[in-house]
Amino acid sequence: MESKPSKPSMTCLADFEDHAYQILPRNALDYYRSGADHMQTLKDNRRAYQRYRISPKMLVDVSKRDLSTRIMGKRVEFPIGIAPTAMQRMAHPDGECASARAAQELGTIFIMSTLSTSSIEEVAQAAPQATKWFQLYIYKDREVTKKLVLRAEKAGFKALVLTVDAPYFGRRLADVRNQFELPSHLRMANFVGLGDLETKAGQSGGGSGINNYVASLFDQSLSWQDVAWLKSFSQLPIILKGILRADDALTGIQYGASAIIVSNHGARQLDGVLATIDVLSSIKEAVGDRCELYLDGGVTQGTDVLKALALGAKMVFLGRPVIWGLAHSGQSGVEQTLRLIKGELDSAMALSGCTTLKSVYQDLVICPKSLM
Amino acid sequence: MESKPSKPSMTCLADFEDHAYQILPRNALDYYRSGADHMQTLKDNRRAYQRYRISPKMLVDVSKRDLSTRIMGKRVEFPIGIAPTAMQRMAHPDGECASARAAQELGTIFIMSTLSTSSIEEVAQAAPQATKWFQLYIYKDREVTKKLVLRAEKAGFKALVLTVDAPYFGRRLADVRNQFELPSHLRMANFVGLGDLETKAGQSGGGSGINNYVASLFDQSLSWQDVAWLKSFSQLPIILKGILRADDALTGIQYGASAIIVSNHGARQLDGVLATIDVLSSIKEAVGDRCELYLDGGVTQGTDVLKALALGAKMVFLGRPVIWGLAHSGQSGVEQTLRLIKGELDSAMALSGCTTLKSVYQDLVICPKSLM
Amino acid sequence: MESKPSKPSMTCLADFEDHAYQILPRNALDYYRSGADHMQTLKDNRRAYQRYRISPKMLVDVSKRDLSTRIMGKRVEFPIGIAPTAMQRMAHPDGECASARAAQELGTIFIMSTLSTSSIEEVAQAAPQATKWFQLYIYKDREVTKKLVLRAEKAGFKALVLTVDAPYFGRRLADVRNQFELPSHLRMANFVGLGDLETKAGQSGGGSGINNYVASLFDQSLSWQDVAWLKSFSQLPIILKGILRADDALTGIQYGASAIIVSNHGARQLDGVLATIDVLSSIKEAVGDRCELYLDGGVTQGTDVLKALALGAKMVFLGRPVIWGLAHSGQSGVEQTLRLIKGELDSAMALSGCTTLKSVYQDLVICPKSLM
Amino acid sequence: MESKPSKPSMTCLADFEDHAYQILPRNALDYYRSGADHMQTLKDNRRAYQRYRISPKMLVDVSKRDLSTRIMGKRVEFPIGIAPTAMQRMAHPDGECASARAAQELGTIFIMSTLSTSSIEEVAQAAPQATKWFQLYIYKDREVTKKLVLRAEKAGFKALVLTVDAPYFGRRLADVRNQFELPSHLRMANFVGLGDLETKAGQSGGGSGINNYVASLFDQSLSWQDVAWLKSFSQLPIILKGILRADDALTGIQYGASAIIVSNHGARQLDGVLATIDVLSSIKEAVGDRCELYLDGGVTQGTDVLKALALGAKMVFLGRPVIWGLAHSGQSGVEQTLRLIKGELDSAMALSGCTTLKSVYQDLVICPKSLM
């Protein structure tokens, strides 16, 4: 009996999630994990994947595999990126900078939230080689909004991810109960010196501080016209995040969107909406190859990614799993998380006879006959 | 760290329900919460909503929203009213008067039960400006019944809600086990001085006092002819409450009903009947615009209302949730309850791209393929 | 506060079942309640009813209701009879005689098992006015079998119920584990003096005594020819019990069966077979009015009966529920059980607009789209 | 009361499984029982059978039954054989030899794993009369692979079972957590003296020893060409094990496969693939009678076998159940296990009107309408 190396710690993304549940303070944990209202869609986002079964091909030579792809014209090492999530410094002091560096290290995309606790410039400096996209919320104050876009453009961000599902925020009951506030040592780093825009998330007003922030500052009149408005002053390609209907996807293409992220905001907006994987194929059918399609929501293992690829997504993004990795050990935890799921995807491809993303065949996935 | 305002108490209707379960005496609580027999339909009334998923529209300007509508020709501020429930003074000393005042305050409809513990005149006086409808049970004693109708008409009630699903009462096992009786300090306030009609619910006779009351006094020969009979002496429009089949709805229109409430009496009559939301669209399909359609049963959150609207209801009514609000703090509790769910509906509309009730689009809801 | 009458004891059939679970000795209880193998069908027999939902008619005058019907040409007060179950004296000293007397008292049918612990003649004497049918197992010893039939005929039994699903017995694991034996003070009362035929169920041989009995004495070559054989010497109409397929039902009619009991032997034979309610309508469709159709299996409440009637059964039979009633208080317990479920059926009919069994309309029941 | 014989110990295969869970060391138990990743398919392999319901025929003379069949031209006493499972000596010192002797004793097929802890020659000697097949993994070292095949051929094995679903191994999380290693007193007995090929499974390297073994030694370029390669030097018929798609089955026939085992490797490779019983009928439909079809995965009772037969399998194989039998009492335990399930199949056939495997009719099984 030789002596064994130390216990392998993390075998799947759920291990990171479990760990985060133990170490994060209640306020932050609840903010991160919650879905809207009674969280039916939150559960469904994940559980829905189980309804799609894999029908794998055998006896394909899979000794050489390539997971890379081109996204918006740029090479990505594997089709799993980082979704924009707000206020990452609550999970780890390095916050967004750590996540961006992990994306750079692994060769994937980092989407930075408007509501970051690190500024555009800080993130750009931390991960200059990473492919970075900027997620945009449109403020009532259009000048502020415009400046934000121009700063991102200048800092080397390669696309604007316009979040279309959040004219204001869904009700996350735990945040109301907790009277959630952004901890006082943190701030909305993109709005330093802009008064409420910088500080208001730190004031719960007896409810959820972040909801108050959004309700008072975001522009609820958000509409298709704003896509045109953005294009009027920014060169960046526009990606619409939060589309759940085929007709909306088609309208998006008309308004000049370069890509669409099928998303329900991690089930944080309207509880009861469809799981993202359940709408993907109908949207793919409608848009065909007229724009790139990505997906986020409930992705926690390699086979989830594989199913999304087979159903029409070119890439997927991770929201909460990245936060759990970050909470574990900053940049290193995010890297471990990404490597784990990348490895799982690699394995799932090998075991279903796929050697490249292009070779992922459509009938790899058997779709359920009924929605429930 | 600034000092926080006191804990926000109630974040959703379930919070009121939980509270009522803690404070109400067993006999009353069981009476209020029970469904018939093994309560399959009681669970299904609620759970069924989860099978209908929302497919929301994005990038509609939702900065201005209007939840008002016209019901039976009269403006209502939002499409959520108060269903008739018996004996509300068991929940709070102010009983029906408090509920009616809450409806008045918020600009919605109060339906008063025949089996109220406050009289028609008391309620009329308590909430003169409220839109009040009178729910009618037909007694064997037709003179008594007729007088009831005329009193309601005189007191300013605007419609008769004829309950058609209760020729006699379903078996609610807890009431039998509890030998439920109306507490001796309360009475059937619409029948003061009428002997059994006033007092019999206070005598369990070893079973359920209310079932005995109904079995001995209600007219089990209730039929379509009675709709004609009512129209023969009352000017009030007639609303049929308790229809679950499209053919019955059509017959109702022939007999001159002005509107229909799709209802299974809160699952208190025949266990095993379909959930109300499951029958709504087939009834809507049959009646089209020939009469207004409302629904009650299992509505406990804003998205439930939104789904009912999308499937053809012009308005919904709340039974138990109003009782839980009443038990919490009388009129104020009912108001809080109504405001909460109104707010949830408002939010659900905003997040699905609806600015008015008319703009609620039909394919907002994805219907399940199978019943189960 | 007036003083209350004593607690109403039994509000539904489940109350009797719970009671029996507390008082019966383990060996007997396990014998009665078990289904074959892993008891999937046992659960499904009951649960399946929940998948059929009721769509009730309103505003039918239901003040007068008649539950009586004609079965095999004879009036029965309500369409719920007693299925044949073996060895009833283990549940109560009065055994089959008590059950038969209860059937007589209420005006319904008692089916007596071949494997009774009271003899044909005892039962005939105990309940001379009851409509009694004799359930037949065919023994290898055909002379014995023939004599049994002739004794039943002579004793006034009105039909032969040939059990077709038991050439030998299914594996009920608890009986094997318990090494079940008929208690030594009881015997197979129809076979007194016939050696093994009387006593062998009292010998477990390390397994299940009743299975050994059946395996060594029943004729496993049971086939359609035996229907012809029975008709060759008995005038009694023959009812086939245990049919689950439409084609078998049609063959049965060809061989001269007068009626069919759709049954899976209370899920005691082959685990994994369909629930009886799930096959009823397809069999009804095949046989039409060419023979009467009955059903047993999992019926425990009035709505179960109503659903079976709507789907094509003229009558249903209760197996275990009668045993639980018997265990409670002999004849009186069986009567209470029958009265309870009769009352539930009566109520279910009233609340769905049915005044007679003939008026039970076909679309009262909404069938599930999928089997599961 | 006579004295009873000792408790009958084992009444169903689950009893053996429960027993094994109590006596096996953790490392071995986890290795045996685990499925890949989150083990959805592991549960589904079993649960899927419950979705298929039996529609049994009555009144067929079943007094004489014959469960024998011809598999690859050779008589087998009943259609249930032993699937190849690695490293059986961890369950019992007699390992593969005991299993092979049990198969010989009962007249069924033993498939020996490449990764056995007894050698080809040991097994051949232990059970010379058994029908033995050799399961083959293809190593990077093709000479080693070839020699293995030739040894098996020489030792009297009658077919090559080429496992096609394992170019490398799926992730079984428990093995990673346990840092599973083949116990040091055991070895890969077919590779004695071949260095890593003999010993590497005994080195976890901080992960799963068996996965490391496979990853470094198996040929991941495994493809259809290898079927041709095998046929180029071996006379043995080739059976493809691990096919889950109809198109792959057809390709297999083109490449000269004699039979196909529909299998997902006991859910140990790619979690989320379809349950084997769910794909069987579509594959049968495609291949018709052009090759024999077998199945493994989740078979634990007689009705599972019957369903597989009805849906197109000529035979089924048991993986884990044989291991639990082996762990119980070596050869005797495996024999008991096989006898139990053979008896269950016999009983299921009798109770559904089948007297031979040929008489198993296709509509014996009602297929679920939806996958879930």
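Just so it is clear, A, B, C and D label the chains in written order, and each chain counts residues from 1 on its own.
Everything that follows uses one rule, which is that contacts are C-beta pairs under 8 Å (C-beta built on N, C-alpha and C of every residue); 3 or more make two chains touch, one makes a residue touch a chain.
Computed from a prediction, not measured in an experiment: that's the story for all the values here.
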{"item": "Angle (degrees, nearest 5) of the CA superposition of chain B onto chain C", "value": "90"}
{"item": "Copies chain B and chain A - interface residue numbers shared by over half, same or different", "value": "different"}
{"item": "Mean-CA-position distance for chain D and chain A (Å)", "value": "42"}
{"item": "Separation of mean Cα positions, chain D and chain B [Å, integer]", "value": "60"}
{"item": "Multi-chain contact residues (two or more partners), chain A", "value": "369-370, 372"}
{"item": "Chain B partner contacts - residues on chain C that touch it in the complex", "value": "1-2, 4-8, 11-12, 14, 49-63, 301, 303, 307, 344, 347-348, 350-352, 366, 368-370, 372"}
{"item": "Complex contacts: residues of chain D adjacent to chain A", "value": "37-38, 40, 164-165, 167-168, 170-171, 173, 176-177, 179, 184, 203-207, 219-224, 226-227, 240, 242-245, 247-248, 251, 269-274, 278-279, 369-372"}
